[in-house]
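Both complexes below contain chain A, partnered by chain B and then by chain C.
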Partner chain A sequence: MSATLEKGLNAFKEVIDTPIASYFSSCVHCGLCAEACLFYNETGDAKYTPIHKLEPLRRVWKQEYTLLGRLGKLLGLAKPVTDAELTEWEPLVYDSCTMCGRCSMVCPVGNDITYMIRKMREGMSASGHAPEDMKGATKRAVEIGSPMGIKWPAVQAQIKHVQAETGIEVPVDVQGADYLVLMSSMEIINFPEYLSAISRIFKQAGVSWTLAPDAFEATNSGIQIGASDLAREIVSRIVVAAERLKVKCVISPECGHAFTAIRWEGPNLMGKPFGFEVKHILEVLDELRLAGKIKTRGKDKRPLTYHDPCQITRRGGVVEQPRHLLGEIAEDFREMPDAGVMNWCCGGGGGVSANSRAEPLRLEAFKVKKRQIESTGVHTLITACANCRIVMEEGLEHYHMKVEVLGLTELLAEYLVEGE
Partner chain B sequence: MNHLDLLTFARGSALNWALIIFVAGVVLRLFEIFGLSRKTDLAKPRIDSPGSGWRTMLTRSIPPQGMVKRDPVTYIAGYVFHLGLFLAIFFFAPHIEFFRSITGLSWPALPSALVDASVVAAIVALAVLLAHRLNNPVKRLLSTFSDYLAWTVTLLPLLTGYMAYHHLMLEYTLMLALHLFSVELLLVLLPFTKLFHTFSVFVSRWYNGDFFGRKGVAS
Partner chain C sequence: MKQKQMMDALPGTVGEGLAQRGVDRREFLKFCTAMTAMLALPPSMASVMAEAIARARRQSVIWLSFQECTGCTESITRSHSPTLETLIFDLISLDYHHTLQAASGAAAEHAREQAMKDNDGKYLLIVDGSIPMGDPGYSCIAGISNYDMLVETAKGAAAIVAVGTCAAYGGIPKADPNPTGAVSVSDIVKDKPIINVPGCPPIPVVMTGVLAHFLTFGSIPELDALGRPKSFYGETIHDRCYRRPFYDQGKFAETFDDEAARKGWCLFKLGCKGPVTYNACATTKWNEGTSFPIESGHGCIGCSEPNFWDAGPLYKALSMPVSGTGSMLGTAAAAGAAVGVAVTWYNRSTKAQAKAAHAKVTVQELTREEK
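So, the complex of A and B:
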C-alpha cells in the first residue's frame, strides 16, 4: 500500500477524538510542556516543545472539526497541511519524541500530549513521513516476525545454550501452562541472561510456563511508527498463541513499549478484551516474592540505582515492584532524583533508538540521564527494559562513564537460593 | 447619544446579545468536542479507580514537584492572575448584585479594597506574562495573533473596571459603559479563542486523569 498525503490527512482526521479536541481546545500556549521534555531541556531549542510537534495535527483538527476553522477553510484563509510541512515535522514527531509521557504529567490543562503524538504518527506513517529505519524495522517485524530479523531458530539456539548452562529444561509449546513468556529481540541477541534468569527463578518458584515458537517476540514496531493495522497483526500473533496454548497470563519481558503494545493497546487493536491477563515480568516477580516463592540469599554490596523505563512506570503503572525486589537483594539502593513516575527517559524510547538519524540528538538528550546517575554516585545501574539498557550502555560509553547496566530479573537470579 | 444612553445600551441589548453569543458559542464548542466521541478502552484497568478523572480536574492545579523552579514566572504570575481575576469577577459587591439580578443567587462580597488590590495584582501579572511571552523563546514560538488578542480582551475589563472604580481618565458613566463593552467583547470571543480553556480544561484534565488512573498512575 503506497503512502500519500491524502491518506495521511485522512488518518489525521480519523484519529482525532473527543480527548484530542479537548486538548487542543484547552492549550493556552504556556510552554510548560517544554520544561518536561528531555529534548528541549538538553538542547534549549524551542522547536522541541512537545505541543509544537503537533502543529499539523492541530490545524487539521481546527479546519475540520471547528466551525470557525471550517469557515476559514471555506474562505480560503486556512493554511493547508502540505507534504513539505510534514517532511519538516518528521524529525520532530519521531526523532525528538520518545513518547515518554513526562509532558502529559505536567501540562496544567491536562493535555495528554503523548497520546496525541502516538495518534499523529498514524498520519505521518500513512503519508510516508516516517523515518526509513523505522519503516525497515516494521517491515521486518511483519514479514520475518521480529524488527531485528530474528527467527525462531535463533531462540532455539539460545534455549539450547540456557539448558546446557542451567540444566533446566526450557518449556516450549506447553498446553495449559500458566504463563506464556515473551522476549524482545534485544534480549535474544544481546541479553541471553534474561531467559536463563527466568528459567531458574520459575523453576524455584514452581511456576508453569512456556515459550511459543509462533509468538516469542514481544516488541511491536507498529505502535512506534504509528501503523495500527500492522500493530494489530503483530499483536495478534501473541493473542493467537496465548489462546491456542490456553495460558492464564502473558508475561511482557523487560521491554518498555512491548508492555504498552500488549497490555494497553493490545485489546484495543484487536477490538476485544483479552481472555487472559497481561503482566510485566516485574509484576510477576513481585507477586512471587509476596507469595514467598522466591528465596534469595545475601545482598549485593555494590551501590546501585534503578532507571524507571517510561512505558513500564509512568505509562504502565509498575512503580513499587522493582523497589520491593531490589529491597530483597540490594544493600545500598539509591534513588535518582526524579525517580519513579517523573523519571527522565533514556532518550531512545518510542522508536528513537531504531532511528539512526536521531543518534546525535539522542546522545545529546542522554546528558540528563548522565546527571541523574552521577548524582547518585553509583557504578551499577539496574533497569527493566532491554531497549533502555542498550541505549544507556551506548550513552555511558559515549560519555566515558564507568557504569555497568543490568536487568533486574538477571540480578535477582544471581541471588537465588538454588538446589536446596 | 449621551453617556447615559451608551450605558443603557451596554447594559441592555448589547449585554443580551453578548450573553446569547457566549452561551451559544460555549454550547457549540462543547458539541464540537463531545460530538467526536471516543472509542471505549478495552484494556482492563489496573485498579478500579473511578474517581481519577474527577480528581485530576482539581489536582492539576497544583504544580508537579520541581516545575515551579523551572519556570517560576509562568506559575507565579499565572496563579496571581487567575486568582485576582476570579476574586474580581465573583466577589466584588456590584458584580454580585449583577449576578443576583440575573440568577437570583447572592453571596457575601469581599471588601472593595481587597478586590481592588487583587485587580491590580491581576493586571500586573498579565503585564508580566506578556513580557514573558515576548521574551521566552518557547512561548514566542507558540504564540499567534490569537494569543495576543486573548491577552488584550482579558486585560480590558480589568483595566476599565479599575479605572471606573477610581474615576480615572474618563467620566464615570462613560467608563462604566466601556467596562461593560469590554466584558461583552470578552464574552463573545471566549468560546472561539484559547480562552475557552475556562470550560474545556475540565474536560481535558478529566481525560488525562482517567488515562493515568486506569494505569494505576496518579497524575
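So, the complex of A and C:
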C-alpha cells in the first residue's frame, strides 16, 4: 500500500464540508489574511498569503461541488490538481503554516482558514506530500507511542528522579483518581521540572491524580500531519486509559496542539462525547487558585513577560488564567504588544518545529517574536507550551539574545509555601 | 515596512503639506493601509498608495452645491475632524466651495473661473444637490442657473464626483411630485466619468476613499451599475448587519419598545430597508466607527438608493418584492428550489462516494512506494 494522488484527491473531496464550501464561496479576496500571517509579514512574499495556501483544495471544491465548476470540468476547461502542483504546495501547507489561527481572526467574512489548512493536510498526507520529518514523527508516535520515540521506562526514570528530589510519591495507575495527567515528549526529555512542579502543587492542593503507563503522551502527530485515521488511533489511547481509570478529568500539559487534539478534535475523531472533562493545566491551576488551594509566598523580582501559545490562547480560549496566576507571583509583569488572542506565533507550531526543512524560514519568522520581546525589555519569558519554549530558545540563541524561557507551572511551584 | 523619516517632500505636494502639519509617515501609512483595505486593494498597495499620494500635486477641486441641505458638506468636513482624513481634505486644493470659502460675490466666482482656467482638463468636480430643470430661478448662484454652472464647469473636469443622493439620483428634491423638476448630475452630463457617492448624507470615508484612489491611480475606482464604487457599495447593509443572525433565526422586534427590541433583534418588521440598500454603514459605521442607525435601534431607511423617499412608508416591512408579480416569482422560486435540491443531492452523492472510497490511512501509506 502506498500514498497516491488519487487517495489525496479523494481525501480533498471527502473533507470539503458545509463550512469549507461556504468559506470558499464567501472569500472576497481582500488579502487581509496576508498581514495576519507571520510568514507573509516577515518575508513580504505574497505566496504566503494564507488563503493562497489552499488553492488546490479550492479548485477541487469548485470542480466537484459547484455547478459552473462542474460544467467547466465537463467541457475540459478546468485545470486539474496534479502531483507537481501538490509538490509545489507542500512547503506552503506545512513549512509556512503553524495553524496559529491569526488569519482566521482577521477574516472580515469570518472564514476559518486554519480549519481549512487542517483539512487540506488530510489530502496532502494521503497523497504522500507531507514533509519527511513529520512522517517520521508520526510513524514513531503510532508505532512506538511518542513522536520522539520515548517509552514508559523513560517516564519511570523521571518519576524516580522527581520522587528523590521532592520526596513526594508520583501516583501511577490509580483507579478513580480525579485527574489523569498527561505529558508531552518534550517535557519528558527536556523539561523534567514540569512533573516535579505538578507533584508539589497537587500535593499542597490535595488533588487526587495519576499517570497512566498506556497513556502518558499527550501530543498527536496525526493532527499535525493531517491524518485523522492516525490521530484517532493516538487520541483513543488517552480515551481508553481515562475510561479504564474512571477519572473525572484529563489534564492537557503545557503543550499547544495536544490541547487542540484532545479538547477540540478528540470527541469528533472518536465520534462521541467524552465521559470526562478535558482541561488545560493552566485552567486547573487557576481553578485551584480561585478555590484558595494554592498558597504562594513572595514574588519574582525579575521583569517578566508572557508568550501566549496559539492553541491554548487563540484557539483554546485560555487567556485570563495565566495572567491571574502570574499576578500572584510576578512583581513586574509586562504584556508584550499584541498580547492575548492576537499574539504572534513562536513560528514552530503545527508541526513546523518537527520539520527540519522549515528551519531557515522559521528563524526568519521568529523576528516578530524577537521584536515583541525586545519592546518589553525583559530577560525572562514565561510560556505554557513546551514546543513554543524549545522553538523560542532556538530563536533566542540564533539571534544572540540573553533571554531565559520558563514554563508557568514550574515558576508557580517555585513560590509555593511548603512544609508548614 | 521600511521606516523612513517623513517622505521626501517635494514642494507643493501633499507630502510637503503633511510634513508641515507634523503628520509622521507612520500615521500616514496607517491611513493608507486602512484605505487600501476599504477599497479592497491588495495589502501591498498600501505603500504604493502612500508614495503616490505623498508625491501628488495638490489636486484642484471645485465643489458645486445645488439643491441641497448642506448635510453632505457637514458630514464630510466635520464628522471626522481632526483626523488625517480632514488633513488630507485640507491638503487638496479646494478652489471653490461656496459654503466653506471665505471669498464671496464676484471674488468667489473669479476663484472658480481661475481654477478652471489653470487646471483645465485636470480638476476634480464635486457636486452635491440636484439640478432643477423647471424654472431656472428655483436655484441659482451669482445669477447663474445650476444647469448652466454645471455644464460650464463640467467641460474642463477630469472626473465628476456626485456626492449625496440628490446629486447622484435626484434625492429628496426629486421626490413625488418633484416640483422643481429635479434631476441628477448623470442625467445632464454624459461625456465625463461620474462617480456616484450616494447617501443622505454619504459616509465621509467613502469620499476620502474615492479621492485617495484618484490621487493614487489617476483613475476612478470600479463602479457598479448605478455608478457607485463597488468597494463601498458592493453589499447590502443587511448582509453585513450585526443583527443578521436574528433575521436568520426569525427573531424580530415588533415595536420599538418591546422586549425583542431591547434584546437587539432584527428590525425588518419595523420597516428596515437594509436588505435592499447597498452601502457600507454596517461595516465602516459613522462618527469614527461609533455606530450606525440599526445599532442605535432604528431601521435603515435606504437613503443611498435611488428614489428612496418614494419607496413606500419608512416603517412598513419590506415584505413584498419591489418588482415582479407573484406568479413569476412563484415559478422562479419553485425552479430555484428544484435546482437547489438537485445540486445538494448531487453534492451529497459526490461526498458520499469520496467517503466510501476512503482507504484507511496507515503509517506506511504516508509515503509513496518506490517505483
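The definition used in the following text is that the second predicted complex is superposed on the first by the 419 of 420 C-alpha atoms of A that agree within 3 Å, B and C clash if a C-alpha of one lies under 4 Å from a C-alpha of the other, contacts with A are read in each partner's own complex, and residues count from 1 in each chain.
One rule holds in what follows: a residue touches a chain if its C-beta (ideal position, glycine included) is under 8 Å from a C-beta of that chain, and two chains touch if they have at least 3 such contacts.
Model, not experiment: these values are computed from the prediction.
Chemist: Given the superposition on chain A, are chain B and chain C in a clash or a fit?
Modeler: clash
Chemist: Touching A:G316, do we find chain B (first), chain C (second), both, or neither?
Modeler: It touches chain B, and chain C stays clear.
Chemist: After superposition on the shared chain, which partner residues are touched by A:A227: those of chain B (first), chain C (second), both, or neither?
Modeler: A:A227 contacts chain C only, not chain B.
Chemist: Which partner, once the models are overlaid, touches more of chain A's residues, chain C or chain B?
Modeler: It is B that touches the greater number of chain A residues.
Chemist: Have a look at where A:C27 lands relative to chain B and chain C in the superposition and call it first, second, both or neither.
Modeler: first
Chemist: Could you tell me if A:Y65 is touching chain B, chain C, both of them or neither one (first, second, both, neither)?
Modeler: Both partners.
Chemist: Name the contact category of A:V341: first (chain B only), second (chain C only), both, or neither.
Modeler: After superposing on A, A:V341 lies in contact with chain B but is clear of chain C.
Chemist: Just chain B (first), just chain C (second), both, or neither: which does A:P267 touch?
Modeler: first
Chemist: Name the contact category of A:G128: first (chain B only), second (chain C only), both, or neither.
Modeler: Touch status of A:G128: second partner only.
Chemist: Going by the contact rule set out at the top, does A:Y115 touch chain B (first), chain C (second), both, or neither?
Modeler: Once the two structures are laid over each other on A, A:Y115 reaches chain B alone.
Chemist: Would you check which partner chain A:T138 touches, where first means chain B only, second means chain C only, and both and neither mean what they say?
Modeler: second
Chemist: Residues of chain A that sit at the chain B interface in one complex and at the chain C interface in the other, please.
Modeler: In the superposed arrangement, which is not itself an observed complex, chain A uses residues 16-17, 28-32, 34-35, 46, 65, 67, 108 for both chain B and chain C.
Chemist: In the complex formed with chain C, which residues of chain A make contact?
Modeler: Listed in rising order, the residues of chain A that touch chain C are 1-4, 7, 10-11, 13-14, 16-17, 28-32, 34-35, 44, 46, 64-65, 67, 108, 125-126, 128, 130, 135, 138-139, 142-143, 225, 227-230.
Chemist: Which part of chain C faces chain A closely enough to touch in the complex?
Modeler: Answer in residue numbers: 37, 40, 42-44, 283, 343, 347, 350-351, 353-355, 357-369.
Chemist: Considering only the defined contacts, which chain B positions touch chain A in the complex?
Modeler: 28-29, 32-34, 36-39, 41-44, 46, 56-57, 60-61, 63-67, 70-71, 74, 78, 133, 136-144, 147, 192, 194, 196-197, 200-201, 203-209, 211-212, 215-217, 219
Chemist: Chain B touches which residues of chain A in the complex?
Modeler: Touch residues, chain A against chain B: 16-23, 25-32, 34-36, 40, 46-47, 49, 51-52, 65-68, 104-112, 115, 263-268, 270-274, 277, 313-317, 319, 338, 341-342.
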